[in-house]
Amino acid sequence: MICPDRPGLVSQLSGWIADHNGNIVHADHHTDQDAGVFLSRIEWELDQFLLSRESVISAVNDLAEYLEGKAQLNFSDELPNVALFVSKQDHCLLDILLRVKSGELRMNVPLVISNHNFLENICIDFGVNFKYIPVDSSDKSFAEQQIYNLLIEYDIELAVLAKYMQILSKTFLSKFPMVMNIHHSFLPAFKGAHPYHQAWERGVKLIGATAHYVTEDLDAGPIIEQTISNISHRDEVSDLIRKGRDTERIALARALRLHLHRQVMVYQGRTAVFA
Amino acid sequence: MICPDRPGLVSQLSGWIADHNGNIVHADHHTDQDAGVFLSRIEWELDQFLLSRESVISAVNDLAEYLEGKAQLNFSDELPNVALFVSKQDHCLLDILLRVKSGELRMNVPLVISNHNFLENICIDFGVNFKYIPVDSSDKSFAEQQIYNLLIEYDIELAVLAKYMQILSKTFLSKFPMVMNIHHSFLPAFKGAHPYHQAWERGVKLIGATAHYVTEDLDAGPIIEQTISNISHRDEVSDLIRKGRDTERIALARALRLHLHRQVMVYQGRTAVFA
Amino acid sequence: MICPDRPGLVSQLSGWIADHNGNIVHADHHTDQDAGVFLSRIEWELDQFLLSRESVISAVNDLAEYLEGKAQLNFSDELPNVALFVSKQDHCLLDILLRVKSGELRMNVPLVISNHNFLENICIDFGVNFKYIPVDSSDKSFAEQQIYNLLIEYDIELAVLAKYMQILSKTFLSKFPMVMNIHHSFLPAFKGAHPYHQAWERGVKLIGATAHYVTEDLDAGPIIEQTISNISHRDEVSDLIRKGRDTERIALARALRLHLHRQVMVYQGRTAVFA
Amino acid sequence: MICPDRPGLVSQLSGWIADHNGNIVHADHHTDQDAGVFLSRIEWELDQFLLSRESVISAVNDLAEYLEGKAQLNFSDELPNVALFVSKQDHCLLDILLRVKSGELRMNVPLVISNHNFLENICIDFGVNFKYIPVDSSDKSFAEQQIYNLLIEYDIELAVLAKYMQILSKTFLSKFPMVMNIHHSFLPAFKGAHPYHQAWERGVKLIGATAHYVTEDLDAGPIIEQTISNISHRDEVSDLIRKGRDTERIALARALRLHLHRQVMVYQGRTAVFA
């Protein structure tokens, strides 16, 4: 729940749940006093809950409307469909698929989309549909329309750019805004292309990776997670790339898990992460 | 508030505050399901609150009794009195006094106690009473009685062992249990004396510091904060000691700030840290 | 080269290489003054080198004998054979095999040994021989003899216990001492079984993983790499296990890479890591 | 020693020292193959050395000239004079003065320069000359001339900008180039003014501090050390500033120690840090 701040909100929300016989197992709230915004994330058990699954959704939306805010309700036993976007590098793809397989990331991956056909075999091994959608750099609209259709067809909630080396257009994002990306630098340092080369040139002593939601303005979306690794003058660009693969994997896996547990709330271009 | 877990507690607590016109500015809860324990930390504003400072204390205690738990109420504008215990090393003493002076640690330091007279001048510089209480290793009871009397005289809430190289007896702790210590290892590794020498002998690749509450069983008290620093084979014991001073300072300062903001709750020998 | 310290050693070693037309690309030395031990790791190019591969080995050994020390010579284009030992958990096995495949770990893995048959399919996928050697807990000698024979048969240089839940006997280690292990705690804390349960019980604020060479005295071998992860009171044992998988993977992969690049030197129960 | 790379350099340098009866206690070399540059840092004992202090300096310079490079020779028992520049904030000043007093930073501080008179008392306490040099923002040349004269008068080797909120001109730096600065962000992110406000706006999940040598192009000088601290959505700008003080202190103290031990070598706008 995100709504304008006012006294009594914690009480109203928790009271509403208690009144319907719900047992809160986790609750976390945050007030951004400058922005006058209240954010609340509440997990409760449905065992004795007086409302059915169907009616709880509309009831929560009514409550949000009453509080002039927005609410999102998720059932923890319903796994969302997530599509992975890749290009040629396989380390994030493999990492995510293995974490899904082990139960660490609770989601379905019905679809992998790529602008190259390099990683098809990995998808076959994991029993995931692989769709090769080449992108014409002079006109991306054809490829993006195909992609959009697939996302709708497979009922995808979230697209994860797991080292997808294409920029999604403003038009696409306006139609499908739920996109997460991993950028291989501690943003806002080294935006754009070749951040490891930039980092080596600049002679920094640490490199990083940033998992963020995608917005039109590239590399400027709300940051979910940042991870860093120390480097020294002995590290060449190839060492930065190698060390970076670990920070990328870890940052993306953490961000994705936080998203799946509905621990990330976005407001005013920033995130609150209820970890 | 710490009490047995049951449905509706978040609602009851926040409802009680809302009913008395309190505005919650921060709330955090935790349920330890194995232990069946519910912990809640709520910060609210007293501006429009319907109860006076005097009556809110007893009201909160009544609430705790009703919930078969224990509550602690603190007013954020009342600074607690904290005594610092030192021996010969000055780095933690100086660090704390400087952080108090800068307003980073909101507390009064009316009293420094030491079993040596080395650090008196620092205390004079900061305008703090310095009490030299030598400890007879064959019979600590005399020294501990003097210490206890001073803590009572100065109305001390918390004693911080800021590199105090004496062990407080079980008898003393039963009379004055609110004691925080900084141990120079990542506990439970390297308990006891000379942890940096032990660490060097063992050839570890990282050293640490642990801030914890003191219990009879030395180095076994509830851990509040742990900080580490990387080391290499090039580091001698003297380098470990030097690097360790920074981890000690940081771990103790963080733990102390968490304590002062009432963000640490102890239960079953462990802490919940609502940071 | 490890030898007793004396003046002129850096000059002697580098002079010997220069005299034979070798170009040093990397050199690192360390003197442990307490122990009176000098350690040196030198990488040089063989392009113009005056000695053949065959004769350089004996020449280096002669030099070591002259300096009353021990030398190890490796050719960076010769990949060592490494055997992986596993039980039921797959995360370290997969991580290593993927890093080998990507070229990040320069070694051959001709052999995986397990006391369970759970992970055979993974090995088949990667084209690695999987040998199921059940261990009779009342008499390990039969299993260990089979293991030893396999290590000899496959010309194994290093055995990596990648979550192998069996303890190798003193007898075995005396015959095959080059064994690396990953222990899931920041040693020497939480030795022995179930370190994550121990860590949760103790209420620590960080968990770790330690990659070390194996010695008779379990969990007391020379430490190569330690990695940690922060935890909070919200983390259950299952969260520690999950977070720990990442620290285990990273610590073991780093240690293994250091070993393969011959950057780890063991002396007096400790390691010098020339990173 | 920094010079063009060629075969035999390690041997030449260490041979020269051995020939003069010097015992190397530490040696570290690095070759930047892209740049074709060789860097070497050698520490040796003078006890039995055949050259006097006077003649060793010119001998080393001759050697550097012969190798077409540059050398710097320092005697570890000669403490350099370092001037500290401050404005209103005291945390870095106090931190450095305390570390000097404790022997952790081996240097003399004969001079503190400030564009405000706030911190004079601290300097009096530590027995350090405090010079108040106000800066006219429309014409800095008068102030900078005074500063330059003081640096010469006090025989200063290094100026440390310990939260000095003035930008030194190109003209000044061309006359006195040995200047170290602490910038309160992980550069190159958040260059310029108010990096903590920028960081809060951007919603990053970690903040940092960067110690670097100063060049004309502000915040673009060679980086010596970077330190980071995790933050969350609960942290306001004031919390970033508070947490940042610790990262600033630590990064600057580490960089200064590395400089004093002559472990930092600058080449091509980058540093090699022989730690």
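Per-chain numbering from 1; labels A, B, C and D assigned in written order.
What we mean here is this: a contact is a pair of C-beta atoms (placed from the backbone, for glycine too) under 8 Å apart; a residue touches a chain by one contact, two chains touch by 3 or more.
Since the structure is predicted, the reported quantities are computational estimates derived from the model, not experimental observations.
The chain with its Cα centre farthest from the Cα centre of chain C is B.
Set against one another, A-D and A-C show the most C-beta pairs in contact at A-D.
Chain geometry summary: the mean Cα position of chain A and that of chain C are 36 Å apart.
Taking each chain's centre as the average of its CA atoms, chain A and chain D sit 41 Å apart. Of all residues in chain A, those that touch two or more other chains are 234, 275.
Chain contact summary for the complex, chain A toward chain C: residues 90-91, 94, 98, 102, 104, 125, 234, 242, 245-246, 250, 253, 275.
Interface residues of chain A facing chain B in the complex, by the touch rule stated above, are 7-12, 14-15, 17-19, 21-29, 31, 33, 48. The part of chain A that touches chain D in the complex is made up of residues 30, 32, 186-190, 202-206, 208, 222-226, 228, 232-234, 269-273, 275.
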